[in-house]
Structures are given as structure tokens and as C-alpha cells.
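Consider the two complexes below, in which chain A is the common component and chain B and chain C are the respective partners.
Let's turn to the complex of A and B:
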């Protein structure tokens, strides 16, 4: 089923931070939403999540900061059980252990509150919650920003594996085109609260049309920068 | 020359640095890479004399490091400034601390090099972008002409394009100013593109030190390979041979 949203927009203090935006997402599609700081990536991600959920679609959202996803007064056990209940799943310690092992958080004490874990572990816990069901769409906002490279690479590989062959579509929000390019089939470039460009990954990397996409593409690698 | 010889730091019962030996010559850049908890921040603290060494020594030109007035560029650009002060006053602090007077021509030259418009310094930290705040952080570090500058994840708060731009400005200023740069980062792409040597720190020990090219091409340890392969898989080393 294609997910479509039309006319999403947002403003803050009278300033438009997201101009009316429409978007179609195919079943199982993997999309990278890229752009500079302040270009409106997370705003579009949040608006998309709200709109689809309001229309009854199941969307898992991993926000940029685990603080937005976790209640500081509740144990991690509570969060996990609440997610299972919300998804109508029976408690399944084996499934939980499997996901936790893959994300290397199986050593964490679930009786603790979120702040009893490191930030990187909290972020992976939120990703683990998102992987529990089989939503129509998984929105990941800078999922690896608090992770070390080794853990980040493993987490991205796990996501690839988890999504492969399934019906869940993925929207990967990141400022790093180099990261997104390896993981998605389609890239959407945001600039100044608008979609500047929307194209298959290779097309956008090889022949970016807009200044925003050209800048991102030219700066995607550390070792082959233009002079 | 910055010289660390057999530096060990013990916190509580556990050693956070273990027999770390490094050298860094003027005008050169050494990147220390490793994961969280590897001891990167403790290493910076040890160089700055902020922690007691349980063993070993840290020297600059065979003298105590604090005598060369090392500067530090921090990770979170806005949090690194007093929010109540104008950026201009914050930039003046290192001079005040050393009872030096401001060399206006130098300030202008550094501002040009860092692409900071002259009136930007009259704003407060919350009134500039994160990228601009970090460039002011670099300006503050360099204003008193230090021989040694330490960078603690200087680019991690910036977006991918701003990161590369800022890294280039740092390297260009280093050519003029000839400071030695010790960069702590977990971004191997940055380390590979902008340092002369890379040291891999793991659990408080140096696993290997090599020139950036040699490390990317052929890490000598299993852990070095794991780090390099992870960076490749995240797209950070694209373009390398």
C-alpha cells in the first residue's frame, strides 16, 4: 500500500518552517531525507508521523533524541511492556533478547530509568522498540548520531537485515548524504523548508540538479572533496 | 614537541589510561580515535594537567605543558560559551587570563580565515548558528597564538557540509599559525582527511599509531580493522583507495 501525505506544513513564531509538502512512499521503500541543519528534515519527519498516525497507519518513530521517546520516570521494562501492549503482542522474552543481543544492549538493566543508561544505549533501546512490530513505516531521525562508528555500522546493518524483504518502508533522516547513500534507494533533499529534489539515489549522486543537492553531494566524502 | 611517556591515569580502582606514549611535533596533527569510554577525554585531561597521572609524564618542549598555554576547542559549540557574554568578550578571555592585549590585526586576520563577519562577535552565543559558534570557539582558541591546540570532537555537532568546511578552515589556519593539533574524534573520515597520524585508543591503551594513509590502507590490529571497516560501511571513508 502506498502511503501518501499531501499539504503538510508547519510554522513556528509566524515563520513557515515547512512549506506545503506532499509525498508518496511505496511499500517497503527505503528513502533518505537529507539536508543541512535547519533545512526542515525533522519537521517534515514529525509532520509525516503525526499525519499518518492520525489516519490510522502504523508508524514507528525513532526521534533524534531518546529523551523525546522515553519517559524519565518509568523503567525501561515499563517502556518495553507498554510497547508490546500497544502492538497487541504477547510478552516474549526470547524475541526481546534477540533484538537486544543484536544491538548489544543485552547487558543493560531494564529495571533502571532511561537516564541510568548511556545515551548511546538509550538510542539503541528506542530503535529496539521500533523493531518490535512490523509497521507500515519506520521513521529514523539521525539514528546513529549518539553511537560510536562500530556500533553505528552494526545498527545500520541490523536495520537493513530486519527490513529486507518486508513490507515496512523506511525514512532515514540524516545530514550525512554519505551515510544515507549506502542504505536507501531514493533520496529527498530538503532546503529551507521545502523539498528541493527527489530522485533515485544514483541519479541524485551523479547528477544533482539543485544547489542544495550539489553541495551535499560534493561534500559527502571526506577523502574526495572538491578543491 | 608534545611528548607523552608511559602516561597512566587511575580513577577509583580502574585504569582509564594505561602506559600511553605519544609524540606530536609543531605544525603537525595527531588524531586519536576510539569509541566512547576508550579514554579519549581522559587523554585530553591528562595533557591539560586536569587529572593526576599515576605514572608517566606529559611535556611540551621538555617543559610542563601548561607553560605553553594550550588551547581547547570543545564539542558543543554553544555550551562552550558563557550565554550572558557577547562572543567578543568570550574571545577576549584567553588574552585577559594571560594579561595580553588584543592584536586587532590578528583578530581581523583570524576572522577572515574563519569566515566570520566582523559584527558577528557582538552577538551572544544563542544568536548565531551552531557552525558559526564553533568557528568562534576556534577563534577563541587561537587568539592568543597557542603552540598547541586540543580539539575534542570539534565537528560532531555540525552537519556534514559544515563539518568539511570547518575542517578545511582549521587546516588552512594551521599552515599559517603552525600550531600542533591534537584531535580527539570518533570520525575516522575526518581523521583520515585532516591528520598526519592516527592513534587508535582502546580501553585506555594505544593499540596502534600510523600515518593516516597507512592506517586506512592497512590497519595493523584487529580492532583497527574493525574501526576502519565500520567507517567504510557508514560511508565515512568513501573515496579512499
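Let's turn to the complex of A and C:
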């Protein structure tokens, strides 16, 4: 099923931070949303999630840092059960164990509160919650920027493996073209609240058409971390 | 956890011992002749110096400070608060009789305060900056600015004098407690409303809440399971201070409404320099504070164990 949104826009204190934007996302597609800081990537991601959610589509969102996703006063068990209830799912320890195994957090103590786990494990827990309802679209907003490069690469590998062959499409928001290039089929470059360029990954990297894409492409070598 | 509890109890014991020593020292060094004050309170007249000296010996006032302190604190550790210097009767039954009036009054004031402030604060925090919110904050600020003795007099004027609905003076029937409890409760409600409101607003700004909404958690569940616990931390913190206000307010309200209780017990004991009575009240208040603060500490550790870990 193709997910499509039209006319998404956003403004903050009178200034337009996202110009009307339309987007189609195919089943299982991997898209990278790149651009400089302040170009409107996260705004587009949030607007996309909120719009699709409001229309009853199954989407999940992973924010940049686990601090933006987990309540420090509540146990991880509580988070998991709460999300199950919110999605209208019955408690299913087998499904949970499957996702946890895939992300290699099946050894963690769920009675602990988030800060009882390492940040890398917290972030993988947040990704696990996002995967729980097998959403049609998973929006990852700089999902690994709070992690060290080795843990980040590992996390992305595990996620890739879990999603491969499935129906879940992925939108990876990042300023790191190196990270995006290796993991997505299609790149969308944002500039000044607008989509500047939207093309298959190789096309965009080899022949960028716009100044924004050219500047990102030119800097990708020293930007690329081992992930 | 056991270790933390031990630490908290040790701290409580140190506070109690310090309070006992400090009050004793303050009374011991207060200006004026305590033996004379006791004599006047007992005989209602100035009598011969021989009798005053006799009372000085009887009340242990001729001994040194440390001897007197030890002979006072020793029996207390075994639960004996001694006898009144004036009447010679044991302090504890009289203290219990006074507390029998004050404790229900304070609890009623607290209950009124909670019942009024929680809905008002939640209502005000729903739309911060709206006229409802501004009105609630204005009422709360006004309430916090009005001293209990003035509010008490206003309530007497309105409900007892003009409308003649309620009795004002004494403590003969439960209806006599309504105006005093209301006086206390309105003061408590005023300060609690502001604190609960700002606690809710601060909790609402927590960075993780948008993610919960995107996960499909209902606003009701977010309010109950995430905003309320975060808002509870500052509210519980002021609760200990609120208790001080309640005790102080209860004493004042008892004087305004001519009610028996710890207020008149304490005032008459101070006037007569009845050391055992004054010290018993102070120790009781200190004990109450220590217990409440202990409970608050335990509550903190339950709701957010990081608080305990930072201390360690």
C-alpha cells in the first residue's frame, strides 16, 4: 500500500518552517531524509507522523534521544504495556521476546526504569516499541546520534535485518549522508523548509542537481562515520 | 534500601536530640526569673522570697544547666514527660487532651485545603493564561496574602454575626469547628493551588510527552500516569512546609475562635514558664515534623529512586 500525504506544512511564531509538501512512500521502501540543521527534516517527519496517525494509518516514530521517548519515573515494563494498550494489542510475551531478540535487548531487566539501562539499550528499547505494532511506516529521527558510532552501526544493522523483506517502510532522518547512503534506496534532500531534491540514492549521489544536494554530496566523505 | 532507611532514621534522631537541647537552652536562658513566674501562676499573687526559693529548688532550677537537662531528658526517653511546674499534675494527659482538639482541626483544615486546591489547580492548568487560570492564580495569591487571624475575623463577621448561620466561639458542638477549619483550610488551599498548578505546568513541559502522544497513548492516561507523578514531586516537597503552616495556623485559629487546644495550652505554659509543658509541645511538634519528612523522603525514593542514589 502506498502511503501518501499532500500539503503538509508547518510554521512557528509566524515563520514558515515547512512549505506545503507532498510525499508518496511505497510499501517497504527505505528513504533517507537529509539536509543541514534547520532545513526542516524533523518538522517534516513529525508532520508526516501526525498526519498519517490522524488518518488512522499505522505509523511509528523514534525520536533522536531516548530522553525524548521514555518517562524516567516509569519502568520499561510499564512503557511496553502502555504502548500495547494504546495500539489495542493484547499482551503478547512471545511477540515481545521476538522483537527483543532481534534487537539484542532480550537480557535486559524490564522492571528497571529507563536510566537503569545504557543509552544504547534504551534507544533499542524505543525502536522495539516502535516495531511492536508492525507499522506501515517507521520514522527514525536521527535515531543513532545519541549513541557512539559502534553501537549506532550495530543498532542500525539489527533494525535493517529485522525489517528486511517486510512491509514496513522506513524514513531515516539524518544529517549524515554517509549513514543514509548505505541504508536507503531513495534520498530526499531538504533545504529551507522545502524538498530540494528527491531521487534514487545512487542518482543523487553521482549527479546531484541542486546546490543543497551538491553541498551534502561533496561533504559526505568526511561526514561518514563507520555506520 | 535498609541502609538508606537506617540513614534516614539516624538523621531523624539527630534532629530530635538537637531540638530538645536547643529548646531547653532557650528556655533556660530566657530573661526573667522562672521561679517567680511559676509562683505567680500557682498562687496568683507575689509571695515571700522563701516560697519562691522553695519553688526554685522544687522545679530543679537551682541545679546547673546540664544536670537540669539530664533530669528532664532522662525520663522523656522512657516516655515520661514529667509534671507541670505549676499544677504538679503529669503533662502528658493534659497534652493529649489539648491535642484531641487541635489534631482534628488541623486534619479538617488539610482536607478542606486538598479538596479545594486539587480540582482548582487542575482546572487552572488546563489552559494556562486563560481568564480561568488567571482568576485561580489571583484567588490563590490573595488567599496566601491574607493572614489567618484576619480571614478568621472576616468569616466570623459574615457567617456568625451577619448571617448567624454558625457559632463562632468555643468548641461545644461539631458545628463550632466549621469556621476554624474553614479558616485553616482556605489558607492551605491558597498555597497548595499555586504549587500544584505550577507542578502540573512544569510536568507538562517534559520532553518525552510528545512521543507518548505519537504512540497513541490517550491524554487521560498521559495525565494520570506521567504528568501526575512528575507534578507530585514538588507538591510533596512543600507538603512538609504546609504542615508547619497548619500547626502555626491551628494555634492562631484556636486563639481567634476561643477554642481549647494546643494553642491555649502552649500560650498559658509559656506565660507561666511551665518548662515541662512547653518542652513537651515543642518535642511533639518536632517529632511530627521528623515523621512527616521521613515519609516524604520514603515517598521520593519510591517515585524516583535516583533521588536516593544521588544522596548516597
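Note that the second predicted complex is superposed on the first by the 196 of 227 C-alpha atoms of A that agree within 3 Å, B and C clash if a C-alpha of one lies under 4 Å from a C-alpha of the other, contacts with A are read in each partner's own complex, and residues count from 1 in each chain.
To be clear about the criterion, a residue touches a chain if its C-beta (ideal position, glycine included) is under 8 Å from a C-beta of that chain, and two chains touch if they have at least 3 such contacts.
Note that the structure is predicted; figures quoted are calculated from it, not measured.
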item	value
Clash-or-fit label for the pair chain B, chain C on chain A	fit
Chain A residues touched - chain C or chain B, whichever exceeds	B
Partner chain(s) touched by A:67 [first = chain B, second = chain C, both, neither]	second
Contacts of A:177 with chain B and chain C, given as first, second, both or neither	first
Touched partner set for A:158, first chain B, second chain C, both or neither	neither
Superposition-derived angle with apex at the Cα centre of chain A and sides reaching chain B and chain C, degrees in steps of 10	80
First, second, both or neither for A:37, with chain B first and chain C second	first
Partner chain(s) touched by A:103 [first = chain B, second = chain C, both, neither]	neither
First (chain B), second (chain C), both or neither touched by A:113	second
Touching partner for A:148 - first (chain B), second (chain C), both, neither	first
Chain B versus chain C as contact partner of A:188, first or second or both or neither	neither
Superposed arrangement (fit on chain A Cα atoms) - minimum chain B/chain C Cα distance in Å	13
Contacting residues of chain A [partner chain B, same complex]	36-38, 118, 120, 144, 148-154, 156-157, 175-182, 215-216, 219-225
In the complex with chain A, residue positions of chain B that touch it	35-36, 129-131, 158-162, 164-165, 168, 186-190, 192-193, 226-227, 229-231, 233-240
Complex interface listing, chain C residues touching chain A	206-208, 210-212, 214-218, 221, 225-226, 229-230, 303-306
Touching residues on chain A, where the partner in the complex is chain C	49-50, 53, 60-61, 63, 67-74, 78, 82-83, 85-87, 113, 115, 129
